[in-house]
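In the two assemblies presented below, subunit A is common to both, partnered first by subunit B and then by subunit C.
== the complex of A and B ==
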């Protein structure tokens, strides 16, 4: 196979999921309490996309992976100390606000503009990757919007697998209801793929890969373009964490069938 | 809480994160080290934690799962951290800080895993420090993890020094290994017969090579040396039985037996032949001196990591202690704060935290110092060689002048013109750094592990009965036990104290120490809340006591400060360690305050973080001051014989009849006299007349001043406790607790 791919992965950073996340309202709208000081990680959905991108690129010699990330550059730098060890890529950072509450349209516009400006990017060979969801807020539309702005109409969401063919057409598995996958064949590039978890394990840290990536990451971070996202078009009425419920009942000698029936009833009621 | 103090700064929001630590421990601009930290952490809190949780510590044998841990180290770059980039590593230059950070991260979860990683470096260290170029090239290349495209298993090493089998009357200072000439044909490389028994040798279950210390058993070989043994050598390479350790079970330890024939080129550092005798270029003690002064620091940092790792699980346990109880509703104080409603629980945790901060600061200061010293040492050797000076004694003699210049530099005011000349002198620089390193290394090993083990017991106790179960989050019980081994291996506490008693009395070090005391006063002037003033006073008391003890004698005329008088020298060494740890802690907080604003992530909560960490400094400084006061007081007064009530001793007492006479012209004197002997010889119910303080009044003045310098330290503790009760912690620990795998 000698069809080099140009894969752009859009990935944000989110607070480490183990942290206590508490919504608060600030002068610029809602946010998470102490978000700037909480340790951050690459959004897990987008991270899956990055690992799949690196894997795919390795199978297609001459391919290149860019990681486009919007966030405060100091936080991005911190996250890169781990992410840069996982796979080879070139970082394209955009110095912007942290958090999952900015308007997806504004975010998409900035990211699309950034992608368009990537030097050497061949849009006829482009695979635009990202997460189909986000760990910070599951609007799930940013990637689609970027694709629309860039004029890419072949879009797939909830992707778990891609198999490229020699002619650059590809088969793709998308998640559909009931734990099933829908298999599609796309005639060619460019395309947008919003990844679910994919099939790859998280790569181990490799400091040598990291040091190699850092040669380009650090200068890129220093030159990161600052942006302010417009928030005029979106107003939040209220934000809250999903309600936690604890309704424990101790019952002895209940049969599995009865337990199952009760669970189904409970789920139906929810 | 009983005592409420109002802080002007709002409490620290979250536990200090990586960005804060990178500034404090001075690797914020070292991305290679930050990556190593991330990588080692991934292995520690992933694979290693799962091993511990699955009960892999419950076996002494080296199991396939433990073996896989080594491969995890390889894949994550931990093994390669010791190598130069051209040898398969990714870090250039000195690696003391790098190895310390890796050990710190691994020990955060399990000390045995950290030891397994360090032991490999320890085996290579004699070769790295003193090996011939051929030896360095061969063993580092073999030990480097395979590079892309390579299909080979990396070699593992073990270091076998001189641990004697107990109860056989072998002095620990004696080497248990022997080397003699097996074959020596004219014009060819001699062959050696090495006979070595090791005990408690780490990594021995899987070592491909062993660096072993041996003594000559042959007149044709002079002195001692370190030889490299390989598994494939002719003879016996018996790994022995696994040691039944109660601790560090993720490292392989055993009692091997070697009887091997090896070429003389395996002598570390090579040899020269003179008059038909082989003279190793380095004796075993010269090699291990170079090795241990570096490798002991990471061990001290392992215990520091455990102390700091205890903070989060203890806070979570304290807060959640009562949740789930009947009638306890979210929002109630008891539900939200649990045991943290109680001042004692908070204060004790603050003490553990403060000790962990001080231990980490001391250890990382030592690690950085060795990184700086390494190139300087090479420069020193080159400069002296240029002057025709080579060899241990000749070098020491030549450096005496540099020592005088160093002392002069320390005494000069900041604007003195001569400073520039002395500061530009690399030998002066070397002498200063070497003197400091010779103290910081044993201090780190001794204080971090010894006091650390005590404080880990305290941390365990804060978890109640949970603390001594396998289920305890953070594996605190294991960490407590493991700390005892850390205090023992690579030179037990007595060895570190012995080294300190020599190095801490060097004139260069004492001049440095006086300068540090002045520095603490200056810091106190700018940053009064750090405890720097308390520390300066304690440093002054320690110095006075040392000077006094070096001249003083006991009632029998025996010198007090003497190598054999360990009741004096070791105690004073212990006291010094408290001071050094506190000083390092304060300097790290000042560094954070100075540089934190440049990092937007740190800047967000900088003021509160600095306030909290300063309070911990103050608490630790007060505790150090208390220890120093107690130890010095005991030493200054403890060697005086207490006066008795006998005829000889009670001459200094008033007789009741005398007092009656004195009362006539000194009204009130009778009320002030305490040691009065009545006409019938009866006296107050106590051991004897109160001891005088002749010659010690200056000590009492300094001690009394030190006591008043504790002012405010408990307010700092209240403030820190308040923060501990409010600081945000993650929802769960980022590594598992014990349970079915």
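== the complex of A and C ==
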């Protein structure tokens, strides 16, 4: 039995995590050095949500996936050239600032407003997807706030799996402490799901999917609504990266026990 | 072009030119069904040349979108479907800091403001330095040692300082005045963003192209009795395969992209260009035998105002010249240093200063250096520690690092530029000028020339046949400064095959005479340029080096350099870091799962029996290591796609092809600051 779903995936773009990041202070608050010129990727947590959304939509004929993304238009376009090959979706871009420092409430308000304005979106069939964390917005609350603004009370975070039932109720696996999953059953839609890594591998690049997506992505980008996020409600006292330490040694014939002991001592010293 | 005269550096292809069967390089998999899509123009590789081509096309469309010439034949009612496929995960993942005269680039962007391109600066000052050997390990001839001794004796009387002698002038052929210092990664991003913003062109990163699709026999061209294959599109690389290319979980056969015109700009080691060379051969007398590996670091200088070498615009006079005159060693944005003489006489070096205290510092290790232990990373570390550079760099931080093979054959390595349904542009088309040390602007210009030619043919409603492309694109190129420059440079560096001093003399002769004079030389294939290990290395020193390598767990070539007297690198964890740390700190390697290994060793016995194993020594990412059985092993996750292994294989099963194949692969170095 087919139950077409309307899945909205909220996904920001972040600097490629493999890059060397350096926080800097500017006239508009903290940011990352050269962030606009760093290669960007779709936020990895949210990317999992997108792949899960596409997979779910494929299992429910008639379903539709929207990707709502906030970021500088040019940067969004660049990232979409990669993402668009991996899954079918309709892009809903919002031309806004890059970076993870804007207040999550401001970001959520803009995204909620954008989602509400999506033509043809049936909120009774809505699954709001996103990452439960972000590679740039570590607070991990943006998705929850969007759900609250949209009046969606069924929210699940750290999701690794969803199984839809014929009556639109669904089972969901959420990560909980201790490396365990909590299994819940939700009576129906709409719902918010903040995804962890899910269970799907990153899809292959499919040029045909890319071509198909691009017919709507480029026009959407050209019409992207510009927004300015309010920075009044939040003040950063200090910004720093997690301290990294690199100590490379070549050691031969060291037993696993000795290695483990040294690591424990090192961690204890930290 | 002598279209019917076919000979090849790859050997047998010339005789095959008449036997054109419809196939792709992967036609050994006839049972696999490849999906296809139709485009008007399909492009392989996104670099400066493709940037020039697509910018020319896109700009013309933007000026007049209603121009019927731009109506797609495969999607009626839509504009031309122009698809460009790039191996790297990002269109800004190019690997090169460059200084360029930028004549072609400025012609495309007359109002170009370097401030709009991150890391770009106008060239303001150039120096040419001869570097003496401060450590005594450099392989210098007796003649050179005598010269060095004389210079040292004369000391400051001749201007010797920090073991370096600055030439009193920069030869005109080396000058880049009026040009730009740039990061190719940032330049590509800048160009790519404008192209995609315009809407005509789609550039798909992370999508390697495995081969051209050759035309069916009926479309072949007749040229003086010999037939040359045409091209009707591109085949993308298979995904969901194991490392050997066999279908695995999630297998997706590479898609066939059919197009009226296929533009090949995938560089000197690109799979499409290689397949074309293999199939068509090279024009008579042409061969790709000269190569170089460019390796460089992007270093951030410290913001220490007490350092007199930091950027200080206040010390510049109004005209941009340093106040007070005299020799200015400061690293102001737009400063360019060309160096030669160290770490080995054959290794040329450079230092380019970008804005925001960033400098690109690097070396070129040429194929004609001969030494099989020519590991570029170790040499680069010694290079930056030369006193003339180190006094500026020692407190800096490594921000990025990378490497790239350069086709240094120039015009002599030029392939057939056009054929039915295809055209070749950029470095892979032999556009690099090795006399001026310039390739980016030449590549860009070849792209714009093809763009103009395609516009002419589209507007005239003429097909992309070999004849039409020759009459438009090739004719433009032959009449341009790219052609004139490449002819002047054709024999400029031959002298280096007879030694460093003769090489310099030959280069000077060619440079000062506009290419009329030069020192000629027989140039053997790149594999034969690798010299066997010298006898003394085979004896005591080699044994000592091997022992050291085994004890320290480091590569043989690294140990060989230590055995030859090169001092150990004093790692500081910031700028002087191990090769493996450089892979993580500066320039990050991406290797998307599901693609096959793109470096393949064909004959195991040849590899095991190879004494020199230069493939491992020259591997820029230490992705090739030698196992205990003597067999090289390849790790795709470390490969920066420099392609050095392709021309650093000393073995050949057929006397023509090397034992290493460099195929289409995904990923590579991913760093915006290159």
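Methods note: the second predicted complex is superposed on the first by the 244 of 270 C-alpha atoms of A that agree within 3 Å, B and C clash if a C-alpha of one lies under 4 Å from a C-alpha of the other, contacts with A are read in each partner's own complex, and residues count from 1 in each chain.
Criterion: a contact is a pair of C-beta atoms (placed from the backbone, for glycine too) under 8 Å apart; a residue touches a chain by one contact, two chains touch by 3 or more.
Keep in mind that this is a model prediction, so the values were computed, not measured.
K.L.:
With the two structures overlaid on subunit A, would subunit B and subunit C clash, or do they fit side by side?
P.N.:
With subunit A as the common anchor, subunit B and subunit C collide in the superposed model.
K.L.:
Once the structures are superposed on A, label A:72 by its partner contacts, choosing first (subunit B), second (subunit C), both or neither.
P.N.:
first
K.L.:
Touch check for A:222: first (subunit B), second (subunit C), both, or neither?
P.N.:
So A:222 only meets subunit C here.
K.L.:
Figure out whether A:210 sits in contact with subunit B (first) or subunit C (second), or with both, or with neither.
P.N.:
So A:210 meets both subunit B and subunit C here.
K.L.:
Looking at the overlay, what does A:81 touch: subunit B (first), subunit C (second), both, or neither?
P.N.:
After superposing on A, A:81 lies in contact with both subunit B and subunit C.
K.L.:
Touching A:37 in the superposition: subunit B (first), subunit C (second), both, neither?
P.N.:
After superposing on A, A:37 lies in contact with both subunit B and subunit C.
K.L.:
Name the contact category of A:201: first (subunit B only), second (subunit C only), both, or neither.
P.N.:
Only subunit C; A:201 stays clear of subunit B.
K.L.:
Applying the touch criterion given at the start, work out whether A:241 contacts subunit B, subunit C, both or neither, answering first, second, both or neither.
P.N.:
A:241 sits against neither subunit B nor subunit C.
K.L.:
Considering only the stretches 62-70, 476-484, 494-502 or 530-538 of subunit C, report the one that runs into subunit B.
P.N.:
476-484
K.L.:
What residues on subunit A does subunit C touch that subunit B touches too?
P.N.:
Touching subunit B in the first complex and subunit C in the second, residues 16, 18-20, 34, 37-39, 74, 78, 81-82, 85, 204-208, 210-211, 214, 218 of subunit A appear in both lists.
K.L.:
Which positions of subunit A touch subunit B when the two form their complex?
P.N.:
16, 18-20, 34, 36-39, 72, 74-75, 78, 81-82, 84-85, 204-208, 210-211, 214, 218
K.L.:
State the interface residues of subunit B toward subunit A in the complex, per the touch definition above.
P.N.:
Within the complex, subunit B contacts subunit A at residues 13-14, 17-19, 31-32, 34-39, 42-43, 72, 75-77, 80-81, 90, 599-601, 604-605, 728-732, 734.
K.L.:
For the complex, which residues does subunit A have touching subunit C?
P.N.:
Touch residues, subunit A against subunit C: 16, 18-20, 34, 37-39, 74, 77-78, 81-82, 85, 201-202, 204-208, 210-211, 214, 218, 222, 246, 248, 250, 252.
K.L.:
Inside the complex, what are the residues of subunit C that reach subunit A?
P.N.:
Subunit C reaches subunit A through residues 35, 37, 83, 85, 89-93, 118-119, 186, 189, 192-193, 196-197, 199, 202-207, 236, 239-240, 250, 252, 255, 257, 399-400, 552-554, 573, 578, 580-581, 585-586, 588, 590, 592-594, 670-673.
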